[in-house]
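Below are structures written as structure tokens.
Presented sequentially are two complexes of subunit A, the first with subunit B as partner and the second with subunit C.
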Partner chain A sequence: MAATYNQLPSVISERPGFARRAARAIAHDWLALFGLVIIAVVVVAALIGPLLAPSPGDGAGVINVDERMLPPSLAYPFGTDWLGRDMLTRVILGARIALQVSLIVVGLAILIGVPLGAIAGYRRGWLDGLIMRITDLFLAFPPLLLAMAIVAALGPGLQNATLALVVSWWPWYARLARGLAVSLREWPFVDASRAMGIRESSIILRHIVPNSLGPIVVQATIDIGTVILAAGGLAFIGLGARPPAPDWGLMVAEGRQYILEQWWLSTFPGLAIFFTVLAFNLVGDLLLRLLDPRQED
Partner chain B sequence: MVTPPGPVSEPVLRIRDLRVRFRTPGRRVTAVSGIDLDVGQGEILGVVGETGCGKTVTGLSVLGLLPDTAEVEAAELRLLGRDLTSLTDDQWRGLRGTDVAMVFQNPTGSFNPVFTIGAQMRDVLAAHDGLKGRAAAARIHEVLTACAMPDPDRVIGSYPHQLSGGMLQRAMLALALLSRPKLLVADEPTTALDVTIAAQILELILGLQREMGFSVLFITHDLGVVRRVCSRVAVLYAGRVVETAGTADLFRAPQHPYTRGLIAAVPRTHRAAGALATIRGSVPPDPGAIVGCAFRERCELAIERCATERPELRSLVGGQRVACHVATDEAGATVAER
Partner chain C sequence: MIRFLLRRLTSSLFVLAGVSVITFWLARLIPSDVAAIYIGPRARPEQIERVREQLGLNEGLITQYLVYMRDMLAGDWGSSIATKRPVLDEILLRLPATLELIVAAMLIALPVGLVLGMLSARWQGRPIDMGVRIVSIVGVSLPAFFLGLLLQILFFRSLDVLPLSGRVDSDLRFVSPIDTVTGVYIVDAAVTGNWSALRDVAWHLILPAITLAAYPIGLISRMTRSAMLESLGKDYIRMARAYGLRERYIVSRLALRNAMVPVLTVIGLTLAYLLTGTFFVEIVFNWPGLGTFAVRSILATDYPAIMGIALFGAAAYVVINLVVDLAQAWVDPRIRLT
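On to the complex of A and B.
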């Protein structure tokens, strides 16, 4: 029976996998490679910072009066601060705080924003209106201003700063996910799954959300850099991490009163922020190219 | 093809006076204005007509898949004897895939690009039959093999973009048949495929239908396809059925001027080269607003009565039914005979 129809050649095309295309793209793009190397360094510092740092005890409020305010030298490549703490150690230890805050903020923002946006965009109607008007309420304030207001209300501290940043970040993901869902729901495969009697929750979870992930991942990569900056900004104005935590933003703030004589106090943490943000943006661009099929090679 | 059996006893699908209107900002547009259809047990009913005549809307209304902006009314809409006019969302969902399934026009878009074919078929089995693991794998393999899928094992593990259009349409057909539906709604399933692949898919649908005995509502604008697969045909024009007949009768003696125009417009290879026959004019924008016969503006036989009175479907000798004042006047005397 089947044999009579079986005239169709088996043509299953092989397309290079994500890993191979990524390797090829990185080989041709030294900026992306540069970004990946910096991210790798930051991640290693965050994971095993205390093992790498020359004097791990300097992460806290150790006082070492003999060695205060030493300029960069071989013994102290980034110099020392007004308590005699090694700046290199503190910059290395700062990586963990920076990554922790940014990953938590972006992760929670995605977990809250994406499902809400996907439901709004798929269902449309009054539910869409309700969710998106709530979103608009949050978007009406500049994100950093909203975060400042929340921290001011809850009291300064790293935890409250993280919470505040989540609150001001999720609406952006809700909006992005909604836009993607609105266009995805018109795809024939959504109609096809409805025609096969798949339930709505499965359609949103299995069809809408997975197909939205490309742009969301790209946005997340870029946002990690932005959140590090925002957290640093909050720390700078005294609303984020509290001394003696080795937070990059806080270190820049603490160093600014000595900026003319002891330039290294603010400069090195500032450079750490600068390069980390830059690296995440570069990798975000790379992902954008890899995940967008229209930008193939 | 022999004279097809008319719908026997209880039809699988019975539609009486189906009306669908779409709400658009400011006004309502009629897509379907009173369609009657029966799809018998094991029958392949062709629904033909040009773009915008309401054939897809009719197909979607059988699955309850019309968007929220659609207003659906029907004197009767029954699938396997069950009333579809007052189903809840959950009841509709239970019906789709198991009692009625649909194959769409665009096979490449009908699969989710981020999951394998096998994963998507497993989802459907899990949703309806509660089949999982080995049992599900066996059923998927069985259906793919029945659909003459070359290399089913590799297809199960492949992503949609790795397959050709013809293979995807076979996979789509397999997906639709997974839970053994009683009625298959096929909405132009071969339009997006090239001619040789389209012919294979048609043969496949015919063969599977004979083997499994389901009924088919075959929506198409291609009369060649109708002639090949359908046992009976309903010709739609501007949201109404203008003629229904056994396929052989329809092609031998088309009664409605529109059907005659459609058949005359089919390109034939043995005919002398020259301009193709066409039907002048185009489909009226909102058939709901029309008094009289919707086709009269384009009809060469139109008489005064066509402008004032809408022709109803009337039976002719031999079971053919036609909605035309000219074709049915004087007690069933047909245009062809005069």
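On to the complex of A and C.
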């Protein structure tokens, strides 16, 4: 008996020919392909950035007086900043910070939110009411305002910003997972397991959560981009990473005072944020269309 | 409808009460001594103790919370540490500037987003649909603070047609000062017939409003498109087509009306985004609104101001959600019954 549950596949793999449909969709959709390529580039930069960067030392606060504020050229494709650091290097090194923050935030938000939402939606009753009212409180703040207030209380910095984003992000997953659980609990296979007397916790873990994964993966993909945007915003107003960290949002903020003369200081880190977020949105879109055939054109 | 209204109203009140607990608790998260922050870096221990007493910090947490709630409800939101003035006054003083920006952005985003969404649903799969898709996905991917800088580079530095930042030209004070009526400059200039000021104010508003509108345009056009496609697939639309009604009538009258509920949802989402999105835009454009005040307070750990702003923002958001829910219940009677 136990073997059969273990073999119960999730929604993604259950659909016949998912891989083939995905390949066809990508081939037809050059935008999604573009997104995938960018994500690949960002992931590579995050993994082995220090090996790729022309002058890896420039991630920190080194000073090269002779090479300050050089406009983009062959030697420095993205130019140099007011300390003479190579901007291309700093943009490459920034990929790791951006991905790290967004993966931690989305990952923890899922780990906290999905079980809570699944329990609430499966159990219903007073527990559902309690969990969802707490969720409502966190969602009652306009986006990012709660995160800003938390960072304000804890003090600025990358770690506190990450923590603050987790606190304001998990309720979205709780809400999503609850909605999915509410509809999944009515399915015959869940009824059957209940009738067989299987423990509630196993039903939630083996049926409810795995079958909720499709929409959650779509949301997570889009959210990785959204968190990069949010973390960039926090860094831009001085609540995220501290100098000399090569954080994209921070670099945009630092370059801002030179924007009219040395436009490249803010432009390249800003473009890095934009293209990364764009890529996750494009791929999220693709996944959405693959999971929900109604959306397919 | 009355029952629905009452139920939503009570739940909003509960949410607000809960929110006040969170903001209260946030101020207790501050690792350093609040009283020490209050007086400044060179306080003597006995001074700190006196301020602790004054602020009621020696009381129990529950008592502190109840006092805080009582003062809040009486309109006493504490005083800003930085400016020493009442927080509520500071917020209300800056509110018109922020409202001006938010309304301007909404006035751009709503028509543009709706039209783009409808066009792309009408010509699904055609080049125009693809174009709208690109516009909307770029809109939701561009960081507002970065877009603002790009627009400044383009329209101020390169083309030199629009001002760099601020709400008015610094000379305007001497040339033709604006008489304050509402605090919303563009309205004030218009009602007092101050045309040169009106032009100046409008010119200053363009770039920040566009910057703030970019994300909502993406959001609205996307949601409108899928809501329209959904309602265009319904039987009564096929029926209308079979009757030979003109496509334009079908799209703009029949389908749009049924797409209104999701569109109202997206308007709520947009307003929620604008509430904090304006913070970043205000910083980029030196806009003297709530956002600039909020960021300055956050960076200075001005905790009475932060608590006030958080509560004010949450209250505004709760009201927006309430209004959107009521509007939806009004448009779609089914919602009232669930």
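Criterion: the second predicted complex is superposed on the first by the 276 of 297 C-alpha atoms of A that agree within 3 Å, B and C clash if a C-alpha of one lies under 4 Å from a C-alpha of the other, contacts with A are read in each partner's own complex, and residues count from 1 in each chain.
In this section, a contact is a pair of C-beta atoms (placed from the backbone, for glycine too) under 8 Å apart; a residue touches a chain by one contact, two chains touch by 3 or more.
Only a predicted model underlies this, so the values are computations on that prediction, with no experimental measurement involved.
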### Task
Pick one for A:A19: touches subunit B only (first), subunit C only (second), both, or neither.
neither
### Message
Quick one: is A:V277 in contact with subunit B, with subunit C, with both, or with neither? Answer first, second, both or neither.
### Response
second
### Message
One more residue to check, A:G125. First (subunit B), second (subunit C), both or neither?
### Response
first
### Message
Between subunit B and subunit C, whom does A:V252 touch in the aligned arrangement: first, second, both, or neither?
### Response
second
### Query
Just subunit B (first), just subunit C (second), both, or neither: which does A:A152 touch?
second
### Task
Check whether subunit B or subunit C contacts more residues of subunit A in the superposed model.
C
### Task
Have a look at where A:I63 lands relative to subunit B and subunit C in the superposition and call it first, second, both or neither.
neither
### Message
Under the stated touch criterion, which partner chain does A:L229 make contact with: subunit B (first), subunit C (second), both, or neither?
### Response
second
### Summary
Both partners, subunit B and subunit C, contact subunit A at residues none
## Note on the structure
Seen from subunit C, its contact residues with subunit A in the complex are 14-16, 18-19, 21-23, 26-27, 29-31, 124-125, 133-134, 137-138, 140-146, 149-150, 152-153, 156-157, 164, 226, 272-273, 275-276, 279-280, 283-284, 294-295, 297-299, 301, 303, 306-307, 309-310, 313-314, 316-318
### Summary
Listed in rising order, subunit B residues that touch subunit A in their complex are 63, 65, 68, 92-98, 101-102, 104-106, 109-115, 123-124, 127-128, 145-146, 148, 150-151, 154-155, 158, 161-164, 166-167, 170, 172, 175-176, 197, 200, 203-204, 207, 211
### Message
Give the list of subunit A residues in touch with subunit B in this complex.
### Response
1-2, 4-15, 125, 187-189, 191-199, 202, 206-207, 210-211
### Interfacial residue positions of subunit A with respect to subunit C in the complex
31, 133, 136-138, 140-146, 148-156, 225, 229, 232-233, 236-239, 249, 252-253, 256, 259-260, 263, 266-267, 270-271, 273-274, 277-278, 281-282, 285, 295, 297
